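You will see two complexes here that share chain A, one where it goes with chain B and one where it goes with chain C.
Moving on to the complex of A and B:
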């Protein structure tokens, strides 16, 4: 990877972190591009450690990290470009939500007017205008989560690191927040989200990093990761008008391991070890009179991949 | 605007922002009542002394009271009140935020950690100077106001009163600088504040018994050299006696050397603190 490319990515090179004798993460090699990247794994798998490492809150025992070309050892440069919404649920005492952001921006060196404007914008972005001048000590968990998110956003960073950012949010705010992440990613930001709730990140992630016990077990675009798991047959759901006929035709093929009619009777669920060959076969069958409405992989979501790779250690669904 | 490649204007703005935030936290949340009590204890003592004089009509003399003031200032105010006051103020600047798990707030700002150390130190210093400087001033007033305005005016203008007051205020400020830097550093190195407090208390107390070189690695050595009035009970004694060793510098430094020495010692401690904060990690679980 050349310097210019590394300057646009978050790069971990053989990074390990031990807390005394306890393993945080081990031998992590990652190169994270722009877009939404989800760190997925159960509690204790190393998600927060990876986030703390990339923001310099903890230092690696071994290895090297750069975030958009900047070492986390230089907070004065790093946090010009990075915003971090931590999992720590504690705040400087006595501050209102607005003061929390305003002080952050002032300590960053922003003049009064700019700090005031940016704090106001961030408060609007997280939909916390009405509570902005109330003390954080009186906030609900969801409001505290949103003001932390506003802190990460308020200085308009190029990379957002968000540790369990959807925790405590009600469904409406959760949907708005996910939409905000999508918008930011479309604007070219790096949005790194950790979660132990798989369905939460499944729909929004451009790429995933699956963690277990401090090790990265898979990384990349979720479809790519799924294709790499050769020992597990791929599941494909075919929606068609004659699932029974289709089943009789595909079942004779040696690339098909299993074929089951979908419980709603409107489709066929096929397990195959060679998706390429199966799609060719399906093209031929389609020409033979069966009306195929849709064909879609049924197990290339994060949950399935996680189950295949890590088995019983699956995070909360 | 930067000078010589360094962003001084940015650092100044950041330090001012830290000061604003920290002063609010310090006076609203951080300072215990006991710090105010320590600072005001000598004021109350002198006020009581004056009250007794007024009630009994037995007036002291200015020279005697000046020596009493010097003794209380050296033995109580410097060695106990400011010492423990600085423990309360400075040791919690970083440690307090680690304990209430809000230290990461500053660590997420695009801010040199060295600037953070200076900002926090100055906020502690401002609070300590305000509390203990006011106390020194009030002590002076409480001690001398019973002598009447004419006598006090004579002492201040034609005697050494103004010079003494300025010196005591200067020593108070330098004590806050010295003990502040010591306890800022101690708060970064030790989880239990009791251990460094006791160690430093003992180190400062035995300063007079130490070899000359080691004496200079203490705050009280420089402060003793700057106190404007000697303690006659101590200076009159054999130089080897316990009281003389505690109160008198066998090899006192000149005022300029003492001020520079103390500032240099504080600077070294602040540099070491900055290095420590630069290496600091957020691991609340371990605390």
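Moving on to the complex of A and C:
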């Protein structure tokens, strides 16, 4: 990777972190581009350690990290570019939402007028205008989560690191927040999210990093990760008018491991070890009189990949 | 493959100088501390004695009053006056520290708020500086600031010859106050960092002084030594002030030993702060 590329990515090179004898993360090599990247893994897998490492709050025991070309050893430069929202409900006592953002903008070195303007903008972004001058202590869980998000993005960072940012949000605000992440990512921000809610990770992420016991188990776009898992046959759901006929035809092929008629009787779930060959076969079958409505991978999502790679320690589905 | 437009622009405006950012923390900490009416009342009370001293100095140089009482002076406005002034204001300052100090770091730790500060261009040292500055400012206002003001009043009333004789006291007033302020502040902050409950931290601060004094006395009595005073903070500070104001001392340890002990206690407090003020906590077991 050349210097210019590294300057636009968050890069971990052989990074390990041990808290005494406790393993945080081990031998992590990552290169995270702009867009939404989700860190997924069970409790204690190293998600928060990875986030603390990229925000410079903990130093690696071994290895090297650069965030958009800046080393965490340069906090003055790093923290102008990085916004961090921790998983803790942590607020200094007695502040209103506006004061909370304003004070941290001042700590970040923004002059009074800029801090006032940026605090207002961030409050608007997270839809808290009406509650801005109320004390945070009186906020609901969802409002606290949103003001935390606002403090992470109020200083206009280039990388947002968000630990469990969707916890406690009601469905409407959750959808708005995901839309905000999408907008920010489309504008070229690095949005790093850790989450236990796999279907949301699936919906929101451009790429995922799967962690287990401090190790990176897989990384990349979820489709690519799924393709690399050769030991698990691909599952394909075919919606058609004659699933029974289709089942009898596909069973004759050696690339098909299993075929099951969908419980609603309107489709067939096929497991195959060679998806390419199977799709070619399906083209031939379609010409033979079976009306195929749709063909879609059934285990090409974070949940399936998570189950294949990490197994039983499931986070929330 | 996601397509990113890269239309986002990071903040590119001016930044405030780095050295001044700790004052943001001080400002909010001070605002929080002074939100208590009891504390404001107590703080106001701390100015009663300096005001009384100023009036006494004025009276001591007022020919009509002196003539009325048929005396040349009511008291000697020398080192002893300023020495006692500092002892009294120091005691008031200690109580003020017990009010304010425990509430400085413990709420942030209890709320896990430290990552919020430390994921800014803001170091641990600046955080501690921001918090301690509240105590430094409040304690300064009731110790060396009125002390030096009284000294100036006395100079203006007594004339240049008095100033020439007592010029050395300027540094004594400042240094004596600085020792009190630093030791009280560091101790309060360290206890605030280690004890998450504000009231418990306040009680611990009082405990350190009184338990230290009692334990030191017990060591002195049982072992027939004077080294027990090395863990008695009040005596250590008193011994240093005795030396600074050239007073006869009743504390049985040398000034050098007292200085070393105070430096060691301050360093230990800094170590405690260094251990506790961090952005994350490792929970084992």
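As a convention for this text, the second predicted complex is superposed on the first by the 317 of 317 C-alpha atoms of A that agree within 3 Å, B and C clash if a C-alpha of one lies under 4 Å from a C-alpha of the other, contacts with A are read in each partner's own complex, and residues count from 1 in each chain.
The rule is simple: contacts are C-beta pairs under 8 Å (C-beta built on N, C-alpha and C of every residue); 3 or more make two chains touch, one makes a residue touch a chain.
Remember, predicted model here, so these are calculated numbers, not experimental data.
*Asks:* Just from the overlay, do chain B and chain C fit on chain A, or is there a clash?
*Replies:* After superposition on chain A, chain B vs chain C: clash.
*Asks:* Just chain B (first), just chain C (second), both, or neither: which does A:266 touch?
*Replies:* neither
*Asks:* Under the stated touch criterion, which partner chain does A:241 make contact with: chain B (first), chain C (second), both, or neither?
*Replies:* Once the two structures are laid over each other on A, A:241 reaches no partner at all.
*Asks:* Give the label of whichever partner, chain B or chain C, reaches more residues of chain A.
*Replies:* C
*Asks:* With both complexes superposed on chain A, which partner does A:118 reach: first (chain B), second (chain C), both or neither?
*Replies:* second
*Asks:* On the A-aligned overlay, A:187 touches which partner chain: chain B = first, chain C = second, or both, or neither?
*Replies:* second
*Asks:* Once the shared chain is lined up, is A:59 touching chain B (first), chain C (second), both, or neither of them?
*Replies:* The first partner, chain B, only.
*Asks:* Based on the superposed arrangement, let me know which partner A:156 touches: chain B (first), chain C (second), both, or neither?
*Replies:* Second partner only, chain C.
*Asks:* Under the stated touch criterion, which partner chain does A:75 make contact with: chain B (first), chain C (second), both, or neither?
*Replies:* both
*Asks:* Quick check on the superposed pair: does A:283 touch chain B, chain C, both, or neither? Answer first, second, both or neither.
*Replies:* neither
*Asks:* Of the listed stretches 59-67, 203-211 or 221-229, mark the one in chain C with C-alpha atoms clashing against chain B.
*Replies:* Stretch flagged for C-alpha clashes with chain B: 59-67.
*Asks:* Quick check on my understanding: which residues of chain A belong to both its chain B contact set and its chain C contact set?
*Replies:* Overlap of chain B and chain C footprints on chain A: residues 19, 52, 55-58, 75-80, 83-84, 86, 88, 90-94, 103-104, 106-109, 111, 151, 155.
*Asks:* Which of the residues in chain A come into contact with chain C in the complex?
*Replies:* Those residues of chain A that touch chain C are 19-20, 22, 34-36, 52, 55-58, 75-84, 86, 88-95, 99, 103-104, 106-111, 114, 118, 151, 155-158, 184-189, 206, 221.
*Asks:* In their shared complex, at which residues does chain C touch chain A?
*Replies:* 1-11, 13-16, 18, 21, 24-25, 28, 32, 35, 107-108, 111-123, 279-280, 282, 284
*Asks:* For chain A, which residues are in contact with chain B within the complex?
*Replies:* 19, 52, 55-59, 75-80, 83-84, 86, 88, 90-94, 103-104, 106-109, 111, 151, 155
*Asks:* With touch defined as at the start, can you tell me which chain B residues reach chain A in the complex?
*Replies:* On the chain B side, the touching residues are 10, 13-14, 17-18, 20-21, 24-25, 28-29, 97, 100-102, 104-113, 279, 281-284, 286.
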